[in-house]
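As structure tokens, here come the structures.
Same chain, two partners: chain A is paired with chain B first, then with chain C.
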Partner chain A sequence: MSWEKICGVSDVPENALEKFEVNGIELVVANYGGGFRAFPPRCPHMEEALCDSAVLFDGMLTCTKHLWQWDMGSGEKTGIAEKELLFYDVKQEGGDLYAQVDEALVYEDDDDEDEDEDDEDFFNAD
Partner chain B sequence: MPARNHKQWSAKPDLELGEWVDSRIYSDEEIFEEELDKLWKKSWIALCHESELPEPYDFRTGIIAREPVIMVRGPDNKVRAFLNVCPHRGMTIERRPSGSFAPAQPSGNPKHMTCLFHAWQFDMKGNCVDIPRQKEGYQDRLDKSSQGLRALRCEVKYGGFVWVCLDDHTEFNVETWAAGAMDCIKDSLDAEPLELIHYHKAIIDCNYKLWHDTNSEFYHDYMHYHNRITGFNDDYFQRECSAYDNGHVNVGTFTVNYEEYDVAEDRGTLSFPNLPPDNWYMVDMFPGLNFNLRGSVVRMDLMTPLSANQVMIEFRGFGLKSDSPEDRAHRIQHHNSIWGPLGRNLHEDLIGVAGQGTTMTPKSEPRRILHGRHEGAYIHDEIGMRHFYESWGKKMDRLPSDPEQKYKAGKVMGPEMPPAKGLSTFAGKGA
Partner chain C sequence: MMTGKTLNIQVNARNRAYTLDGTSDDKILNLGLSNAIDLPYECGSGTCGTCKARLISGEICDRWPEAPGRKFLKPKKGEFLMCQCAAKTDSVIEVESFVHTMEAGACVPGLITGRVNSSKLLTPDVMSLQITMDQTFDFDAGQFMLVQFPEVVGFRGWSMVNYERHAKTLDFVIKKKPDGVLSEWLFGNNCEGVEVELYGPLGNATFYSRLAKNILCIAGGSGIAGIMSILSRAAQDGYFSQYSGDVFFGVRTMKDAFFLDELAAFRAECGEKLNIVIALSDEDVPASAQIDYPQLAFDNGFVHEVAGRHMEDRYQNVRAYLAGPPPLVNGSIGMLLRARVTTDNIRYDKFS
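So, the complex of A and B:
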């Protein structure tokens, strides 16, 4: 595991979300006031782009599509969220922010896994 | 014969059953409604082409018999069709003609179809994957897993056309539905991927069958002196019409003399794969679909009946996906010079059927529409229409020449004629 420089600390103002790419891997950096978090760019619910659609306020990250929320301080899901966010480890050194992004964190995809439905039985089923 | 009074005008013509129809089949609203159910909802319709939804999560919407249909390409690259209807409150899910579900929508997520009304979301296989506040609203009484979209039978066939059939229990797949009618162009369409190069549509105040009729006989071309001296040689009028089961007809090929056309160039070098240079086949698929393979371009007309006296016709042109930009430009020019809105012959056909539509509005006085010419099943022969209306009569169980009566077989071929190629069952005399 190696630390990669993501950005300057001042590149992400408080309560802002910014998207960066390191080693070909996209991640979102959140400045929640108490520190920084880095996570994959898509909501684990339905793949919403969190950088565009999430709101960061009072230490709480909220995806505006279905109001799933995560506490940035503890890193845990809260409210109606059903899945945890995955985080890259981050650290501040000097004026810069570093993260460990050796490989992309991915959520288990729970759709598109069902059997093919287009056999003859499908259209003749009761 | 001198001019006729009402009784004389309404009398049966001196032709045999099957050689004319009653104009009420083009104008009666009850018959029209019945056609939607018995014909359009039972037939395989090529609603679009796969090149209109080339990437995963692309979609195309369309209509069959007033039912809104959406075709989507899944992440597995398979094209599926559904009713474009939300199972919640019956809202149209997608209102654009085409686009992509890959980006997020205002009230929905990326890679999903989302109903704008209450944000129910569906994946590309039609599964309902999100009902907002499902637990709060339905407790455990209703689960999204039971709320999938209405899937429709869908096949990609004959050069990448997306065929949809509203009848779950149809006895046909696309190939058995075509019953051999597409075989004459199949090898050309399937040789390599096609791509849409032209689209326009016309809404015409006429019954959809009148557009079919004008594609079923070509002897109206003979009446245009211009055609007879410019490219439509004697071979053109020797093209053979062949009838196939389920009401389809095709017209055999001939070699077009493009050098005799004004402003036209030879198309031999750009002619489709497996097609002799400058040849031209046409296939009429029951009840309202028409394929023309003409040298360098394929045209497909899709009719969508809107009312007894109104039809939407969508005109699509296709080239090869592998075309260089220069070849593509030539194909587009070839297409438009003949079939574009300002081309050589399309507007003539539209004027013809619009004129018929004017005389056959709902409740207009019935009259006889004749298609009794027998000329060896060549272009001057009206076998195409007779065959179509025999199939129409069987499927509707109405007699085309007297639609209040039940169907009985009429005369398709002259007694001196051999059965047309491809037909396994035959209603007319001389079979």
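So, the complex of A and C:
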């Protein structure tokens, strides 16, 4: 795992969401006041583009499609949300923000591209 | 009348399983809802994708393979829209979310028939339509029906404008949509007397008087329909003698505005705790507007921004109802969250 620079800390103002691409992987950076979070660009529920339509306020990320919410401080789902967000590890160094993005984080049900191959590997394991 | 073969469908939700007895004519969403099982849905008409489910075993028939809501699906995983699919055989399906039975007293949806009683142009591209049903019918203020005309296949979701218990007629507002097959037909033909099929009532953006909260309504264009129903119920119950109501109705220009007489009548009936503001996005407020409608206020701008300016710090104990195009709903949600209105007090049904 290696740390990749995503952006300058000042590139994402408080309560803002910005989308970046690192190693060909898209991620959204949230400045929630108490720090930064980085996560995949789509809502784990119905793939709403979080950068465009989610609201970040009071440390809470709200997807406006069905009002699912995640507490950015604890990183946990809250209210009616039924799935956790996945986060990339982030750290601030100097005026920059770094994340570990060796491979794209994928929600459990989203891995349809590889599924058939995985099944084959599984059945051929012996 | 179709008579499909009888079959059963097992619905595995996150919290428990349900077994539904139905026929191959029944759309799976409707079958569940008609059995008071609150399956996930929002538009009920193939657009929003909220009712997606996964086929575990059995066979289904997709009645609308071109439905725009299919963009939310992973067909390789067996996902389908419950609002558009019927089972062909006994089937097992999986719904990702928690599913509960409806509360006692909820208006359980069903299929009914009716006939267009009258229609009237409210503006050049908005019409009102009254449908008389073959039986009386109960719904909650703020709910909608799916309506299908024999001339145009497919159900459309329209909110009721009126409110009464044991209703025999339902009033709707229809916006003319560019390339909308049904709206073209409705605006181009005399549809009085035409028989229609209706399914409902649907929708969770409902108002009831035991809510005991101040209400804030933000609507754009034909989205005012459900708000009219809410105001009607609130007025009937004298709700605004105790709680405040703030209604913001956004239209482009005065020429696009409608229901202004009806809104002024609500204000006259309910008194000064009910404030109604008409927001014009594309023109300055003409001087004549305030003279013609002294009971209403007028302002200039996008309706959620106008609402934000007028509400300022009056969000205590508020339940908000939102209705209109997605930018209006999203903009309003952002405004409300920043005003610290909690998500359980933000209600809307997204149709896209």
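Just so it is clear, the second predicted complex is superposed on the first by the 109 of 126 C-alpha atoms of A that agree within 3 Å, B and C clash if a C-alpha of one lies under 4 Å from a C-alpha of the other, contacts with A are read in each partner's own complex, and residues count from 1 in each chain.
Definition applied: a contact is a pair of C-beta atoms (placed from the backbone, for glycine too) under 8 Å apart; a residue touches a chain by one contact, two chains touch by 3 or more.
If you're wondering where the values come from, they're calculated on a predicted model, not measured in any experiment.
**Q** Per the contact definition in the header, classify A:65: touching chain B only (first), chain C only (second), both, or neither.
**A** A:65 contacts both chain B and chain C.
**Q** Using the touch definition from the top, say if A:79 reaches chain B (first), chain C (second), both or neither.
**A** Only chain C; A:79 stays clear of chain B.
**Q** Applying the document's definition of touch, where does A:108 land relative to chain B and chain C: first, second, both, or neither?
**A** Neither partner.
**Q** Once chain A of both complexes is superposed, is A:49 in touch with chain B (first), chain C (second), both, or neither?
**A** First partner only.
**Q** Name the contact category of A:57: first (chain B only), second (chain C only), both, or neither.
**A** After superposition on chain A, A:57 lies in contact with chain C alone.
**Q** List the residues of chain A that touch chain B in one complex and chain C in the other.
**A** On chain A, the overlap between the chain B and chain C contacts is residues 46-47, 53, 65-66, 112.
**Q** Where on chain B does chain A make contact in their complex?
**A** Residues 74-76, 80, 104, 107-112, 121, 123-125, 127, 129-130, 132, 151, 153-154, 168-169.
**Q** Touching chain B in the complex: which residues of chain A?
**A** 42-43, 45-49, 52-53, 65-66, 111-112, 114, 117-118, 122-124
**Q** Which residues, counting only chain C, touch chain A once they are in their complex?
**A** Residues of chain C touching chain A: 14, 42, 49-50, 52, 72, 74, 76-77, 96-98, 329-330, 333-334, 337-338, 340, 343-344, 346, 350.
**Q** Applying the document's contact rule, which stretches of chain A touch chain C when the two form their complex?
**A** Where chain A meets chain C, its residues are 46-47, 53, 55, 57-58, 60, 62, 64-67, 69, 79-80, 82, 109, 112, 115.
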